[in-house]
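The structures come next, written out as structure tokens.
What follows is subunit A paired twice: with subunit B in the first complex and subunit C in the second.
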Partner chain A sequence: MSTTPALPDVVYFNLGRVWTMALNTLIEMTRQKVFYFMIVFALLMIGAASFFSIFSFGEEAQYITQLKFIKDTGLGAISVFGAIIAVVATAQLLPAELENRTIYTILAKPVHRLEFLLGKFVGVALLLAISVTLMGSLFLGVVFIKDQNLSAATYHETIEAAEGAVAGSPDMKPETKQKVLAEARTRAEQGAAEIHKTAGYQDIVKAMTTTLFKLWLVAAMTLMLSSFATSMVFTVVMSAMLYFSGHLVPVAQKFYATSKAPLGQLMAGVVNWFLPNLAAFDVADDLFAGDPLPWLKVLKILSYGLFYLLVTLTLAHLIFREREI
Partner chain B sequence: MTPAIEIKGLTKRYRTGLRRETVLALDHLDLRVEPGEVYGLLGPNGSGKSTTLKLALGLIRATAGEAKIFGKPCASVVSRLHVGFLPENPYFYRFLTGAETLMFYGRLCGMSGAPLSKRVDELLQLVGLTNAASRPLAGYSKGMLQRIGLAQAMVHDPQLLLLDEPTAGVDPIGSKEIRDLIIRLRAMGKTVLLCSHLLTQVQDVCDRICILNQGRKVREGRVDDLLRDQKRLCITVESLPEAARAQIAEWVEDWGASVVSIENPQTTLESLFLDAVKAQQPPTPPNKP
Partner chain C sequence: MKRNWVLIPLVLLAAALVKMPFEASMAADRPHTAGVGLNLKTREMIGQGMSLALLGGFRALVADFLWISAHAAWEQNRWFTMRQHFEVVTTLQPRAILFWDMASWHLAWNASHAALHDPNEPRLAVRLRDQRHWMRAGRELLERGIANNPNNAFLHEKLAWMLHDKFQDLCGAADAALKAVQLCQDWRRGYLQRLAGYWLEDCARNVAPSRLRETYDYWRQLWLREYAGKPREHWDTIDRNVSRRIMKLEEELSIPDLQRLFPKPQPSVSVPPRR
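== the complex of A and B ==
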């Protein structure tokens, strides 16, 4: 009876195992009821949508402000909620594995540490993608309803005002009446179109795509920190700090360009070179300012994110590979 | 033949806390487990048994020395292809059911589809958890977790099983079932390395044992040999009057022998274990940082 197995020379990296780990991580997080935050987000969106209708003045400019406000709140909320999920959900992954010692049983199987780590990351990345899609759909829904209501309101109000004016001046010639009403119709259509344009569905999708990449990057940075951290609090605090400093990179860049003091230059340089510019992913501000956002620029931002993502994950792997369990 | 496990001069020094204190958990251990044998690793709490297993699985890095499994260095993933591991006090994903847990570990071992489902059913049957298969592990008792841990270790039908206290928390019937299972595994030609504090069970199932104390090997050998070569004799009597004891002692000394102790009988491995560990107790060099 042969009791010594014939073993190959190497076991290759296997995406199937990464996927198994990823799905397991995703199931773990969904069964921990992570998606409850969706209820809070939904309430926030409904709150933002009904905020203005309480004291609505019924002016076209006012309607556009309303829609912009909802868009700004929604995109901001998706970014903030997403960042919280990215940091908190990622920070507890490795500590939970170590505390429950499930990592022993996994790494005792023929599993590469890289497969384990990547599996954990892909699991979080999936969770973030689902979260952003859910929040995004809800958000798009609210914007769509608001867009329909407001454009209809603008349209009817403009027409009604014209009809009122026509009815209020009995000595108006019939041709003039026709002309006024036709003009009003054109204006009403233009107003409605203006509101549709403000809704800007394509821009919303673009903004959500860049936001998702930012969240993936934040999750990867958190994973990298927790690959050597011994406490979850440390990971969360450090990730939050990285998150905020990442958003300050443009400020540091400006400072770097103008500062004369060597220490200031050094600090700004460090921030500039070692931190990804997280503010680059926040395209909502540009959109709000009315700047166009072509797909090419979106693609540029995504490649920037991908580059930092790979660097961060490589670093995390190099640290985790050496870790005692 | 390539040994199933080969450990040479294995040393592990843990660094603890912020101060530069260290714990010498394992001190130049040499160990060789042949294929097809059931090997018992014994020792008091903190003697380095679990540390040895973790080193052999590449979970922690040795300070010195090396460990090989089927001839492959323990740091390589290849060495784990034919190993099943049951950690002490196993604890799994609470949100998965028993069947899902086994499916998960099976997939990690490259199994899938119908063969995997079939294997999972088989294992659930084997460890007596068929009825609890669709319940989340959050609701499992300690002994049930131990059983699912054993099933998980065997999912890919490995040639070598490393079991850290497999019967801890398991009821007497389950404990006997696990003992029988180990005997069956040996009959199938598998190799088992077993850590346990249940000496009667170790005595029953193990071919060879090693007793560790404070990270050092203090006894090793075939269970039969270790227990037989004693020059001592233990006579068990019942209702012997007090006066007769002195008389027997005198009589023994007349024959040139000496009475070591007159006591209630113990299981033989138990006394061997206690002797081995006690004899080693006083010389404890302080751990140098």
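== the complex of A and C ==
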């Protein structure tokens, strides 16, 4: 008499299965050489670091300009590459499973559709987190090197100017010389400290964190679209449109409040009420302009991101669970 | 599928209800980011590709690119193109102090100087008119920068320099410098305090004599706050300069001896020799 264990009547949701599927998704995407974009990013950052130093916008503003441009380029590139990965990598997840027919094998096993969907999303989220971390580390490294170079140059220029002034005044009393040099040293240290402040490492980390959450949200929206779409092109195009519309939410809000055209107001209202405000995650402009944004407020933005992740994944689940495969 | 027709709108509606207060609270945290409107004028100025980048949330990158284009226009003396780029750049990033500062400098100094020395315009009156046009453009831009960043000492200082050097508005320069002193918290404060004093004195001596007392009060307070207490033998050039100005003003305003910071030396009493 065989004693095969009886299968349970109900298969409960299991995070272990989600994790397994997430890792598989991550490995699969890594095999597709997604990380090759890092080479382009590295070249872009190194190029930007030397390119912007040829722009001399006046002595006072030179270091501010260079650091601002490098930071804008770095964060912009992270955002662009991240958005491309988030949309393209996510859009091909479900169609690839359907095309390879692996989805039938997986869903024939005791696996919930929600587990499958979440596994796919967590895989993409991990890929995005690794990508942003890699790009961010490289970016911070470039800013650090530039910061060191600029502050050292400013320090030496100030000291050399004072030493030149002292050497050119033979009648100057020794104590006055000492005083001039001491003041120059203080000024040079203050100048270097100001450059370190302009580099704003903590602000960069804050901006990267909010960007990562934005990318996760974009990936979740793409997954939601692909849960009912039949073509990958449709998913990519629609995701791109949602991405742009999401950034237009503040403009739509203004338009909704002021417009008198009924059709325009209706469209602005749809954008305003139903799309997540992706512009809320773009904190770099404020931070680099010197507006303080404490971590508590950053957390508020992140919790907004989490809230919309939950909404978008819920919608994706509601659609996907009814889909005929 | 029928169940979804109910659930999906419900989720969307619930999300919209939570979204509004959430976003209002985030907007209150960041009052300067109400969203840069992409109106038709801006779109025409930056072109289709840039508009797309702007819609994608790459405001800083678009601004930087236009800034570099403005730099190129400056090198080629294409002043109107340069100004157009500055207008867009400052609209896109109104919180970037660097842009306001450099753009206003280019307009008020470089473009105005080029207009005055335009080799293609033989009429001096026209060149002077054009010079003033660019100076005014620079001033307007800088004042807009101040309106966008009212608490920035650096921009007030730049306005002070512009009014002093380009418009010869001594009292306006003094007032802007005084405002900069109020707002400045860093190491530039010492220099700004003296600059404001010098210009306030220039204003009082050359334009508004009624402000002479204000000038004296300003120097007096500055001396008591920053310079007093140092023995005279340790005074440096700055101490001597400021003290000389205060002494001169005390004489001119006939400040009573007891109220003066630097009382007049008493005439020595000579005792007649005994017979």
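Keep in mind that, in the parts below, the second predicted complex is superposed on the first by the 311 of 325 C-alpha atoms of A that agree within 3 Å, B and C clash if a C-alpha of one lies under 4 Å from a C-alpha of the other, contacts with A are read in each partner's own complex, and residues count from 1 in each chain.
What we mean here is this: contacts are C-beta pairs under 8 Å (C-beta built on N, C-alpha and C of every residue); 3 or more make two chains touch, one makes a residue touch a chain.
Just so you know, these numbers come straight off a predicted model, no measurement behind them.
Colleague: Taking the superposition as given, does A:His156 touch the first partner, subunit B, the second, subunit C, both, or neither?
Modeller: neither
Colleague: When the two structures are overlaid on chain A, which partner does A:Val311 contact: first (subunit B), second (subunit C), both, or neither?
Modeller: The second partner, subunit C, only.
Colleague: Could you look at A:Ala279 and tell me whether it touches subunit B, subunit C, both or neither (first, second, both, neither)?
Modeller: So A:Ala279 only meets subunit C here.
Colleague: In the overlay, work out which of subunit B or subunit C sits against more residues of subunit A.
Modeller: Greater contact footprint in residues on subunit A: C.
Colleague: Output the subunit A positions appearing in both contact lists, the one against subunit B and the one against subunit C.
Modeller: In subunit A, residues 322 are touched by subunit B and also by subunit C.
Colleague: Within the complex, which stretch of subunit B touches subunit A?
Modeller: Contact set of subunit B toward subunit A: 1-2, 4, 35-36, 54, 57-61, 70-72, 76-85, 87, 89-96, 104-105, 107-110, 149, 152, 156, 159, 162, 189-191.
Colleague: Quick check on the complex: what are the subunit A residues that touch subunit B?
Modeller: 1-5, 7-11, 14, 16-17, 20-21, 24, 27-28, 31-32, 100-102, 104-112, 322, 324-325
Colleague: Report the residues of subunit A in contact with subunit C in the complex, numbered from low to high.
Modeller: 55, 57-58, 61, 64-65, 68-69, 72-73, 75-76, 79-80, 83, 176, 179, 187, 190, 194, 243-244, 247-251, 253-254, 273-274, 276-280, 282-286, 288-291, 293, 297, 300-301, 304, 307-308, 311, 314-315, 318-319, 322
Colleague: Residue numbers of subunit C touching subunit A in their complex, please.
Modeller: Residues in contact with subunit A: 1, 3-4, 7-8, 11-12, 15-16, 18-20, 22-23, 25-26, 29-30, 32-35, 37-38, 52, 55-61, 63-64, 68, 71, 93, 95-98, 101-102, 105, 186-187, 236.
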